[in-house]
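Several structures are given next for inspection.
One chain, chain A, appears in both complexes that follow, with chain B as partner in the first and chain C in the second.
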Partner chain A sequence: MAVITMTINDELVSGVEGQSLLSLIREQGIELPTLCHLEGLEARGGCRLCLVEMQSTQRLLPACTTTAQEGMSIQTHSERLVRYRRMILELLFAERNHVCAVCVMNGRCELQDEAAKIGMDHVRYDYLVPELPMDATHDKFAIDHNRCILCTRCVSVCDSVEGAHTWDVMGRGVNSRVITDLNQPWGSSRSCTSCGKCVQVCPTGALANKGSTVAEMVKRHDFLQWILDGREKKQWVMHNGGSEGRR
Partner chain B sequence: MTRTVVIDPVTRIEGHAKISLYLGDDGKVADARFHVVEFRGFEKFCVGRTFWEMPGITARVCGICPVSHILASAKAGDDVLGIRIPPRAEKLRRLMNWGQLVQSHALSFFHLSAPDLLLGMDSDPAKRNIMGLIQARPNIARSGIRLREFGQKVIRLLGGRSVHPAWAVPGGVREPLTAEARSQIKRLLPEAFDIAELALDLLKDSYDQFNDEIHNYGDFPSLYMGLVTADGGLEHYDGMLRVVDAEGRILQNAETITYRDFIGEAVEPWSYLKAPYYKPHGYPDGMYRVGPLARLNICDYAGTPRADRELRQFRRHGQRGKPVSGSFHYHYARLIEILFCLEKIEETIEDESLTGSHVRNYAEVNERTGIGVSEAPRGTLFHEYKVDRQGILQSVNMIIATGQNNLAMNKTVQQIARAYIDGETIEEGVLNRIEHGIRLFDPCLSCSTHAVGQMPLHVQLIAPDGAIVDERVRD
Partner chain C sequence: MTTLATKRTGRKADKAEPAVSSKIRLATAWLGGCSGCHMSFLDLDEKLIDLAEVVDLVYSPIADVKEFPDHVDVTLVEGAVANVDHLELAEQIRQRSKLVVSFGDCAVTGNVTSLRNKFPLEDLLTKVYHEGPGAVPRGGEYDKIVPALIPRVLPLHQVIEVDAFIPGCPPDPERIWAAVSALLAGEPVVLPEKMRMFG
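Moving on, here comes the complex of A and B:
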């Protein structure tokens, strides 16, 4: 395994070849916000929260999908980056209908957390206030499109881990919507195995157990590493003592 | 000639409203209307969400009696699930409701009414408030605060961290009561009892000074409605829906789910408050009152020793065995209910089975309609949901206590205006009296109209030809 050396926030650091910028940055103890990324799922570069700035060209690159390279020099928290991240979060809130006070994930939501961490106290853009339905046709789960940020973690986990590929994305731009099967009610999906992986990885209150009441939903991610280690290394070890998962 | 006088902010009414007083040909006030001008389409907001979320949503929308909405909503949810909740959960819900009644009634009596009652209706408006009371009668003011804290404490010990606890949920409650919380409540009870008795003495001692008020502040025959236990006792959480007429005859004693058979809802262009009425008597003759006065009028007995003793005294204010018709006695009724709730809390807290962990039952959607009725501090509260097979709300209807008292409040304001307005000007003192008259019903305007903003109290005196003779705005 070849070692590479690069510069992060003016500090020289070393990593291994092929390592993602995101993991290298986090190894240094630097907090970088992410939403679409989840350890164990393929990086997608969708939400753009993890953007970093190349020192040489001022270009912005998502850390989750960029490979660390010898000699690179990046900034993770320039004034511009922080400003953009806040804009991205505000746009996410403006795009759908988030009423945290009555949300099943209030207090445990990754979107809400990121907004709080960056100090977002209000939204400067006009809310789109789209009229979006809930689909509660599934026996065990419900999806509330009002709270979906289109991170596609559900699509990814269902496809790559469960192997059912029930979820997909339909439409373009702000009109995109996650769908089950060919846009059938979730409850009538023939591919869905009701395993609930999508619910567990969803960062917001969009996917939840049916019957959850306000601020009651708890999500766990630790099953992901468990399954992947078992599959790839034939090792079954529960990390983090099986506690509530995060990233 | 229109004159607008801006005077002190109304600090003691929980919500603001515009009031029109219509002069008759005899130059006296003939009619009064309470306009509630702000509206938020709350019921519509809920459509499309699941009914499981409703306790949390309604608690957030109504900041004035969140606990009552949580309970009515959870009960409507139980009805959709079509199940019986664990008996322990029902006891805990009742406990929270009693806590809510104590804190709300304490607020109404000590903070919102005692300044008028103890400092005098015509005393300096700048001092006729809780701060003034703290200066003049520090012990009483402090007691009021303590009693309210007791009620809030009960709510907090049950509902946990949150101020608007979405703790009662369809199927039961989310968290059991801890042994520690139980003993805390027990420790605080004796002081709460002392304060309740003190308040009763204060009120009864002051009655002599209010002879005029007792007769002019909304004393009229009407129907009364509320819940009673299966055998006619005082009830705030469940039971039968009873309607009693001005003579004391029982007109209805029905299952709550049948309320639509005899309660109609009129919509008036001048108010966003729906005006419910008793259908068999038509509109507006079917006017009824709800809340503490009504509850004490409809029940056969209270069911706890101290409250029953007071209830017998209370009933002497009614004429020859008839219900007590003077709205001024809402104050008295409120204090009796505080006593009752404390006695019930004392009794329930001793129940050994209270602290176990099974407090929630689970089920899927079994019924497409859910009705939840309970007694809020201000009166009977109805939540009715229609859901689809998945539990998504198709329609939401709520009937709120203040709406049901709407007609009675109009009538009270009219009576006060008739008695105290002479000629064509609205004197400062009259405004106070109108305010007190409205406060007897302890209205939660922002709740019952679902308004978020604040409404000014705005009183207009209108001549038979429609001209505004005088006008006062309090902002």
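Moving on, here comes the complex of A and C:
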């Protein structure tokens, strides 16, 4: 494995060729917020929270989908980046209906967490208050589109890990929505195996077990590494992850 | 950042100052909320005694004062802006207070109070009252007795300028104390991460 050297926040660091910027940044102990990214799923670059600034061109690139390269120089917390990250979070809160006090994930939600971390103490934009449905037709799970941030972790895990590809996305822009099969009720989906992987990786209160009420939903991400290690390395070692440790 | 220190030095000299006491004039107000934030405020327990030594509570749902007074130093506002009375009180609060604080999630985000924003006003009153049993109460129009609802519930900062935010539903007493003691010390309200969470 070839070693590369680059500069992060004016410090020289070395990484491995092919390594993502995000993993290299985190190896340095630098906290970079992410929402669509989840270790074990393919990076998508959708939420833009992990944007970093190229020193040479001032261009912004998502760290999760960018490969670290020899000689690169980046900033992770410039004034502009901090400002944009807060704006992104405010827009996420304004776009759908987030009422943490009555949400299944209250206290364990990644969106709520990132807002607190960044110090987003209020939303400066008008709330859009869209009319969005819930689908509780599945025996075990329910989706509340009011809480979905379109990270597409559910789409990804159902496709690449479970192999069912029940989830997909329809529509454009603010009208985008995750759908099951060809936009039919989840309960009538013939592709869904009811494995629950989508529920476990969802960062917000959008996907939850049926019967969980306010602040009751706990999610586990550790299963993902368990399955992937088993599949790829024939190793079964339990890691910790998910929303259990929050709050 | 706005603090009591910057606001105090910025006082207009030509305005008559209340001569009575040198204590900080604190007010708390209750707009469209469940009063949970005020309950949590009361949960400051023995700290309320410390507080009483440095502040005069000049207006509050827990003090019998009818008019929002002049020359208030800090006002904590619970609840979202949901009706015409809230609009009027919010304006008064802003004009008469040096620092206005959004106190709790309903004031900060609209929260539970704003759940009704999905319904047009007429549908809301029909669903809750006209279709229900018994006589229909007032509320559709401003009859000077029951204040008319405004079309959309708004977070406080969309109605008046707000100087600091205390999230939480309700904010626990530790958060309230952290924010209030900063305000009284003339420092900006910078809550630690654990105390900034909504919900």
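Note that the second predicted complex is superposed on the first by the 239 of 247 C-alpha atoms of A that agree within 3 Å, B and C clash if a C-alpha of one lies under 4 Å from a C-alpha of the other, contacts with A are read in each partner's own complex, and residues count from 1 in each chain.
In this section, contacts are C-beta pairs under 8 Å (C-beta built on N, C-alpha and C of every residue); 3 or more make two chains touch, one makes a residue touch a chain.
Keep in mind the model is a prediction, meaning the values are calculated, not measured.
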| item | value |
| --- | --- |
| Touched partner set for A:127, first chain B, second chain C, both or neither | second |
| Contacts of A:210 with chain B and chain C, given as first, second, both or neither | first |
| Contacts of A:115 with chain B and chain C, given as first, second, both or neither | second |
| Contacts of A:19 with chain B and chain C, given as first, second, both or neither | neither |
| Contacts of A:55 with chain B and chain C, given as first, second, both or neither | neither |
| Greater residue coverage of chain A in the superposed arrangement, chain B or chain C | C |
| First (chain B), second (chain C), both or neither touched by A:142 | first |
| Touched partner set for A:102, first chain B, second chain C, both or neither | both |
| Contact residues common to both interfaces of chain A (with chain B and with chain C) | 101-102, 215 |
| Partner chain A, residues of chain B touching it in the complex | 48-50, 52-53, 55-57, 60, 162, 166, 169-170, 174, 362, 364, 390-392 |
| Contact set on chain A toward chain B in their complex | 101-102, 104, 133-134, 136-137, 139, 142, 187, 210-216 |
| Chain C residues within the chain A interface of the complex | 102, 105, 108-112, 114-115, 117-118, 152, 155, 157-158, 162, 165, 167, 169, 191, 193-194, 196-199 |
| For the chain A and chain C complex, residues of the former touching the latter | 93, 97-103, 106-107, 112-113, 115-117, 119, 121-124, 126-127, 129, 131, 215, 247 |
